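First, the structure itself, so that you have it in front of you.
Going by the order they are written in, the chains are A, B, C, D, E and F; count residues from 1 in each one.
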Amino acid sequence: MITLTRRYRFCAAHRLHAASLGEEENRAIYGKCNNPHGHGHNYVVDVSVEGPVDRATGRVVDLQHLDALVRALIVSRYDHRNLNTEVPELSGKVPTTEVVTEAIEQHLAKQWPAAFPAGVPRLRRVRIWETRNNQFEAVAI
Amino acid sequence: MITLTRRYRFCAAHRLHAASLGEEENRAIYGKCNNPHGHGHNYVVDVSVEGPVDRATGRVVDLQHLDALVRALIVSRYDHRNLNTEVPELSGKVPTTEVVTEAIEQHLAKQWPAAFPAGVPRLRRVRIWETRNNQFEAVAI
Amino acid sequence: MITLTRRYRFCAAHRLHAASLGEEENRAIYGKCNNPHGHGHNYVVDVSVEGPVDRATGRVVDLQHLDALVRALIVSRYDHRNLNTEVPELSGKVPTTEVVTEAIEQHLAKQWPAAFPAGVPRLRRVRIWETRNNQFEAVAI
Amino acid sequence: MITLTRRYRFCAAHRLHAASLGEEENRAIYGKCNNPHGHGHNYVVDVSVEGPVDRATGRVVDLQHLDALVRALIVSRYDHRNLNTEVPELSGKVPTTEVVTEAIEQHLAKQWPAAFPAGVPRLRRVRIWETRNNQFEAVAI
Amino acid sequence: MITLTRRYRFCAAHRLHAASLGEEENRAIYGKCNNPHGHGHNYVVDVSVEGPVDRATGRVVDLQHLDALVRALIVSRYDHRNLNTEVPELSGKVPTTEVVTEAIEQHLAKQWPAAFPAGVPRLRRVRIWETRNNQFEAVAI
Amino acid sequence: MITLTRRYRFCAAHRLHAASLGEEENRAIYGKCNNPHGHGHNYVVDVSVEGPVDRATGRVVDLQHLDALVRALIVSRYDHRNLNTEVPELSGKVPTTEVVTEAIEQHLAKQWPAAFPAGVPRLRRVRIWETRNNQFEAVAI
């Protein structure tokens, strides 16, 4: 079994503000990330898949297929977007990178069986870097 | 003479849209960067200063002084901000990284004589990374 | 469940020398790291915590709280220090990065229940880079 | 228990071409990697070992011993080589990084008992970066 | 005036061997790089251009235009290629990174006036990283 | 003309303390770097040389010769050392990275004519990274 991790990137804006909390509490919790005008990041997304090495091709996954899937489901919908208003699965949520990581893992997991009907490779993990100092990880299996 | 380059960082949102151009032209020129909802980046700013090494202290600049200056003039005013609406010197301009680099270099250059009245070190260069693939540089002297 | 990894850094001096071994054996085992005058490194410390995403705030941990804890317990006590003589939990030990990683993981683990009385997030892992080529990891749970 | 990860590097040429498949199918599967004249990469190899910290020396492994082993078994045989024609354990296989990762993990695992007769440390994982965007991992235990 | 540096990448194979020198001399000069079976690298190419900031658009260059040019002239012709046999301007030369850097700078410079007939921006510099430890630079103006 | 930049590294300990200044002034100027027990860094040294490309070999410098020179003059004398007490050219000086950069540039420049009697390549620049945020540069010509 080999785990392949493929790196994708997107640049996006967001504002951290919980609708269920008051203005002051929001400022206390999120600090400068609560700025009403928003800010943004260069996000790095590592998608890991796990499977046996195909004996004919020497591969665990067709990279063109994986790239097409992740670009269609994630990159094209998150890149150069505002995470508060433009991504349906984040609607009504606070777009922290915890929430974004969870949403991306679940969005991929839901489409995985249709994309890989043979059951290999499996989605293993989604890991997102928000800045060089902060990394978030959701394990899929 | 030694050139010291000190790295700072800020995260910000922006939208590229020229008021003097039509909607279609804006989309053609800026592509996904023209998205009305904005997007954002982790910017890296390298400030270079040049001067002789002080024989008593072995330094070309008091780093605490340089940090305080760049934080007050730049980082505190650009970090976790929207570059289209919150930074006075970018007002009415398209906040491309070319324009941001020029603005930061000029803002530092204007305050330099007051901050370093002895004339050393000199401001030498401002260099900004927008993404790992794009870097912009304004030479000060 | 999300795992968040937060990066910290400290710069420190050390000398590798085992009191229980002779001069020659020490030189044979530690090579240039046994230099009596010491040397040093820029250490990178990745602290990983694991927990559920809080539905109100979208977070697994209050980062200000985590930062305050790691800075008080680790960074302020290791940064710009001599690891042979200035860190009580390393006293009498050879400050290899194995030993430092173990000590930091145990020091954090001991204070964790008081710092996070609700039991979430859990301390998951401490990982230290000594140079770009050497990384050490202690799993907490 | 501490896991130590040590980084090695090699530069090599390869061509992806499956002997069992036709020309057209090879081009469809491997794209530009099927170029008959070959291409190449700077590979990064992370070897992870796991063991208890020796109480006398503060180490989980003698790094000189580990380096000598990995250099003899892997680096000297893969660096500045053509992976299609010069590495016996890849002979007759398509030298994708999946296959290379598997081969290196197995080659190390086979020699491990002779190299570390006391059973510590154990070989834990081999991870290879082919480019900054692609990483492959074989877990040993 | 702003200098913009844009990063491109290509992966290629090469062998260092001077036709004008004997076998033994080639081995003495190029060492393992003289291996007849070839090896390869992940090359990083930084192309720098310099010009005034356009007051309407805030840019020094249309990045889509620059990317199309560098991809057509360089990336598509060097990526996943064998530098000894597949790149006309390197024909009959030893494809050291010095020679590759010179060739790429000259190839871009020759096409520059047709690509940028207004004379702005100017080609300023080509810089190539062969490995993390080796960088080569040709100044254009 | 091509400029080649070659990267070297050393790990060292130092303490910043000016003999000509009082205890309190030293603490005010150098802060935690004045800690009497010392601290340390992983230094990265980029040595740049400039020259024409040799038409027979395709090189601007014999890398084995350059490496042997820099290792003998710099790396072997600075690596795993205490910069306050073990490097003669730093004796009596405050080992800031400004001073270290100047010392290394001058030490190389003094030996350059003997090492490269033909006058090519020329020593162009020495650049040292002390941490990821601090870089110092001495121009040789």
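Just so it is clear, a contact is a pair of C-beta atoms (placed from the backbone, for glycine too) under 8 Å apart; a residue touches a chain by one contact, two chains touch by 3 or more.
Keep in mind the model is a prediction, meaning the values are calculated, not measured.
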item: Shortest path length from chain B to chain E (each step joins two touching chains); value: 1
item: Of A-B and C-D, whichever chain pair has more C-beta contact pairs; value: A-B
item: Pair from B-E, C-F or A-B with over half of its contact pairs in common with E-F; value: B-E
item: Chain D-chain E separation of Cα centroids, rounded to whole Å; value: 29
item: Two or more partner chains touched - positions in chain C; value: 132
item: Chain contact topology (line, ring, star, complete or other); value: other
item: Residue numbers on chain D that touch chain E, as the complex places them; value: 9, 11-14, 32-33, 35, 37-42, 79-82, 85-86, 131-132
item: Chain E contact footprint on chain B (complex, rising order); value: 16, 18, 20-21, 29, 31, 93-96, 98-99, 101-102, 132-139
item: List of chain A residues in touch with chain D within their complex; value: 1-7, 46, 53, 56-60, 62, 64
